[in-house]
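Order of writing sets the labels: A, B and C. Residues in every chain begin at 1.
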Amino acid sequence: MKKLFALLLALVMVLSMTACGGGRTEPAPAATTPAAKPAEANSSTEAPAAAGGFEADATIGVSLPWLGTQNWKEAEEMFKSELEAAGFKPIIQAADNKVPTQQQQIESMIQNGAKVIVVGPIDGTQLGAVLEEAKAAGVYVIGYDRLLENTTGVDGVVQFGSVKTGELQAQALLDGLKAMKGEGPWNIELFGGGPADPNAPNFFKGAMSVLQPLIDDGTLTVVSGQTDFTQCATMDWDNSKAQARMDSLLSGFYSDKEIHGVLSPNDGIARAIITSCEQAGQEIPAISGLDAENESVEWVWSGRQYSTIAKPTDALVAQTIEIIKSLQAGNGMPATDVQVKNGKIDVLVYELPPVVVTKDNAKEVFANDPGRLALLK
Amino acid sequence: MEDSIILQMREIVKEFPGVRALDGVTLEVRRGEIHSICGENGAGKSTLMKVLSGVYPYGSYEGQIFYMGEEAKFKNIKESENAGIVIIHQELTMIPELSITENIFMGNEIVKHGLIDWEEARQRTMELMERVGLNLNPNTLIKNLGVGQQQLVEIAKALSKNVKLLILDEPTSALNEADSANLLELMRGLKSKGITCIMISHKLNEIAAISDAVTVIRDGRTVETYPVEAGHVDEDRIISSMVGRAIENRYPPHESHPGEIIFEVSDWCVEDPNVPGRMVCKNSEFHVRAGEVVGFAGLMGAGRTELMRSIFGHNYGVFHGGTVKMKGQELALPSVSAAIEAGIAYVPEDRKNLGLNLLDSIRMTIVSANLKAILRGRLLDSDKELQAAEQSRKALRVKTSSVDAGVTTLSGGNQQKVVLGKWMFTEPEVLILDEPTRGIDVGAKYEIYRLIHEMADQGKAVILVSSELPELLGMSDRIYTICEGSITGVIDSKDADQEKLMRLMTTTSDTKS
Amino acid sequence: MNKIKKVLGDDLHKYTMVIALIALIVFFNIASGGKMITPSNFQNLLSGNAYVLILAIGMLMVIVIGQIDLSVGSVAGFCGMVMAIAFQKWNFPWWAAVLLGMGIGVLIGAWNGFWVAKMGIPGFITTLGSMMIFRGAVIWISHSISVPAPSELKWFGAGHLPEWGPAFTGMNNSTLLLGIFAIAFVIYAQLRQHARVNELHTNKEPLWPVVIRIVLGTGVIGYLTWLFGTGRPGTSFPIPGLILVVLVMIYHTITQKTRFGRHIYAVGGNKNAAALSGVNVQKTYFLTMLNMSFLAALAGIMFVGRSTAAGPSDGTSWEMDAIASVYIGGAAVSGGVGTIMATMVGGMMMAVLNSGLMLLGVGADKTQVIKGLVLMAAVAFDVYNKRPGHVSITKRLFNRNSAENKEGSPADKKS
């Protein structure tokens, strides 16, 4: 037996060290060409359709992280209806926030012959090998809503400007403080999103670029002193964790103080914070949000949550589908002026602007969204 | 006439795949008697009782049961209990972490307004305990009771169900002499109150002491059934019908040839691991010669098992000092494996909990204490294992279709042979047997005795710990007695009798002879 | 019936799960229009599940000794993260970072083992603690941010054997060589065993069952070789799969053929009896727990290789997948029962279900529901089959005389 193992190991080692001097032809190393020249980026031998596009009824894979928040559920439904409307065959799967599941789902999409795979990653850094596999199989990979990092296997990313979103959140918070809490100085607390999501630090960075000067000049006081992203982050965007943190902040620092405002990275966390404040007997603070979830739209309308930010999922989906159509027609990736380094290559990024929603402008913002408009009663 | 018969089982046949466990058993029990059922292991006694109590529901067997004059068709235990038939099993079935009251009314709670009326339950428990002669706080947890007391609680529980026919399956197998006597006394008391008892037992002296009638079952058939007068029972008649042959001598004849002293223990002191300060071995000293069978007598809790297990690689208790010499060489025995290495083997008293891995096959059990012997290089060799197991099976005459069969398929006697085989495979110099014949039938006992003699003849030192004094007298060359952790005496068995031993076993002075 | 037994051995029961697995694969292949049995999907099956199956190897041993290890996911995540950080931030060479990660795994195993073996704390509690400790620790040391892994590791986590030699074979020659090697081994092992049986036993075995076994083995291996070898050029039998196969062989030997392996089963079957048979129970507990964390570290590092980065939530709920594989493979909760091979079949059941349902486009939510049902069904089936007196379904399939077997239990013969 021992000899057998030794032999086997030796065999593996020899094989792995041998230069690949024969055998079947290997495909050209995939996607090492800069993404700036998208049409050629996929000109490997294994992707014959690259230059000439692909069939109009091709299979399109959409891999989403999960369906636990409204925006992802909306994305799922919109991708399904709009891809079908465009004549494609969509496969849409959500991975229950588990990285291995998402990896396997992407593999099964390759297996199912998808020409384009749209990936809303759970963790944008952890899909490297499978995305490169997709590339090698001649599949286009488009990141959705979050950047795909640390891999060569990505053609472009569609997202809202995340730093910009953060700036808007901070601005909304300041507006809220002025509107609700009179003159400063104000006591505030900061919350960040899920640290595994590359957008979360960017939101925070954007927000801090607005807030930091005011903290420095004393207009704003972070009573707990917790201003680092890692201190403020909310693991997995988990509302209950945010609420627990808010509970302890309130009991630890605000027993004799009033809290005026909170920076919240999304709506679920904003509602958790508001609930926590109410339970602690505090006045509702001015707060920011994100995603314009139904519940929060109602809260904004009723004045419980000062603001949210709409990242209209339909715009994001529409942009993605536009890219897919361009690829189908053989025109390659559309042009864009934003490029972001993802650790391996420069990735084309298609940024969309987000919109701040308060009670004042809600009706205008949702004018074309009958579902949400119905909430404004 | 019919009135006096409480139970009649006619031509009961129960089949399992490939086996006819019961092949036309007939049993008749009169009202208010103590009826003993005897038979070797595997004869079908327990199966018969399971048929009676509805564990095997009506329809899964052939034949008829008449109980209190009507045909009984029990579909489950609940139905038979409602009719007043209660079985007390060999393995006690109470929940150790609950109190006496809770156990007695388990599944039969006294409920008032949807809640359990504990006051009432405790009151009733007190009354029931009085009837079985227990004087305890009803809130005492079962785990704090001795086995004998637990048995009495079981009977109290049966009484709470208004029992008319009480079945006791090997009731004294786990009890010491005093508790056994107490239990038998209680059975007489129950009888006087009109409760009928069926007792399954191996212990002929007990059967003889209290039975009004005896039924002997062999190979799934009733061999004979006859009324007896308590105290005047012919034990040899029972034995011969149980085994189908007359046994003149329960102990095989043997001439011993003791040689040199090969095993010596001196100044052995061990403390109880649970009760600090209580010594379970007090300066114990003894020796065994090659080819000698040395008995150890003592009452329950005297410290016999504790002494043996502490010698066997400090497997029990807190070691406080003492030496073990093998052939004059002092041994350090820090672990069980060191003890095995040194040539000591210990067959524990509790076969199922300490002696066997019930998941193993016979083959794996035989080699389990000496895996080194079947190594080839660094891997176990299944061929060597098979050879070892086959040899053992032949030498010990284990009744099984294959050595790959699981040990649970064996009867108690054959299981014990397998355990012996496992220890003989370690090729010990000193073999310690702790209650090697407990719970096994007469025929198997005889074979175990012969094996003990064989080992002695091979020059091994055999230590035999037993609660049955006739067994010690019949088998040993010399007998040590232990009382409360001290060795109180040693007698040549030629000069010993039960009275002498009992006197030494109950001498509490620390003087050593 | 008898002929089948002569070929496959007396215990046909153990093949039930294999048959179920093959049936499942065939079912999905038909349902997905031939996408299940393809080279790339089989490669994915192994690459994508190797880490769970490696955990399941260790978990089987832990469950056999009657314990459980809930910390494997966290430990895998932690060791992967330490490895990535050592490489990224402390500038370790990649191999030193891997060794460090494995070393940390062994240390954590020793920690778990210490509490279980020396202090007698149940594994469930000990590892519940470790699960929290190392989940927290991985977030702590990573500041909740993913860390890129050394690119060399991709080979371990998702790599393939090289292409070489003549092209006319039409397949990956490395895979072909492995296949030939495996077939040669099967033939050698069968003939050798045959020779030994006839040398030692009185009832000689005829040659024909051996020949059939060799033909069967060659057929299966040959088919798999072809399947794995004819993927896209550049792909082969995947490296993680190869690592898994080597580990399975090693651990199968350890559990079935060594004293330590026998001790594991003895301790799990009856701890007290094992102690009185000279087994060092504490040492067995300690080594088994230690080994589990070692394998967890390996699995974590392989996963990081495949993911190209170590993430703060790596390993979440992996322990549950590993435990499920072990139980589907027929292990007993109370310990003492279970084999590596059956566990691998159990793990592959889960993997095939995952893969098949994804190919059919079933969402992760429904997949979870189905997996839960399959776990229950498999265990219930196993319990039913093992219950004495019930005729096993395999037996029913094979045994024409099953009508003779009536309800009842042979174990009840003894009275």
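The criterion applied here is as follows: a residue touches a chain if its C-beta (ideal position, glycine included) is under 8 Å from a C-beta of that chain, and two chains touch if they have at least 3 such contacts.
Bear in mind the structure is a predicted one, so any value in this text is a computation, not a measurement.
Annotation of chain A and chain B: jointly contacted by C, touch as defined at the top.
Here A-C and B-C were compared by C-beta pairs in contact; the pair with more is A-C. A simple rule picks the central chain: find each chain's mean C-alpha point, then take the one closest to the mean of all protein C-alpha atoms, which gives C. Between the CA-based centres of chain A and chain B the separation comes to 70 Å, rounded to the whole angstrom. Between chain A and chain C the centroid-to-centroid distance comes to 35 Å (mean Cα coordinates, whole Å).
With centres set at the average Cα position, the gap from chain B to chain C is 43 Å.
With touch defined as above, residues shared between interfaces to two or more other chains in chain A number as follows: 1.
Chain B has residues 379 in contact with two or more other chains. In chain C, the residues touching two or more other chains are 253, 257. By the touch criterion given at the top, residues 196, 200, 253, 256-259, 261-262, 265-266, 268-270, 272-280, 336-337, 389, 404-415 of chain C touch chain B in their complex. The residues of chain A lying in touch with chain C in their complex are 1, 4-5, 7-9, 11-12, 15-16, 18, 20-27, 46, 66-67, 91-101, 103-105, 107-108, 110-112, 123-130, 133, 136-137, 149-151, 194-196, 201, 230, 233, 235-236, 343.
Of all residues in chain C, only 35, 38, 40-41, 44, 48, 51-52, 139, 143-146, 148, 154-155, 157-158, 161-167, 170-174, 177-178, 181, 185, 232-234, 242, 246, 249-250, 253, 257, 303, 305-309, 311-314, 316-318, 354-355, 358-359, 361, 363-365, 368 touch chain A in the complex they form.
The part of chain B that touches chain C in the complex is made up of residues 14-19, 21, 39, 41-48, 50, 60, 200, 312-313, 315, 335-337, 339-340, 346, 348, 353-360, 364, 368-369, 371-372, 375, 378-380, 383, 386-387, 408-412, 422.
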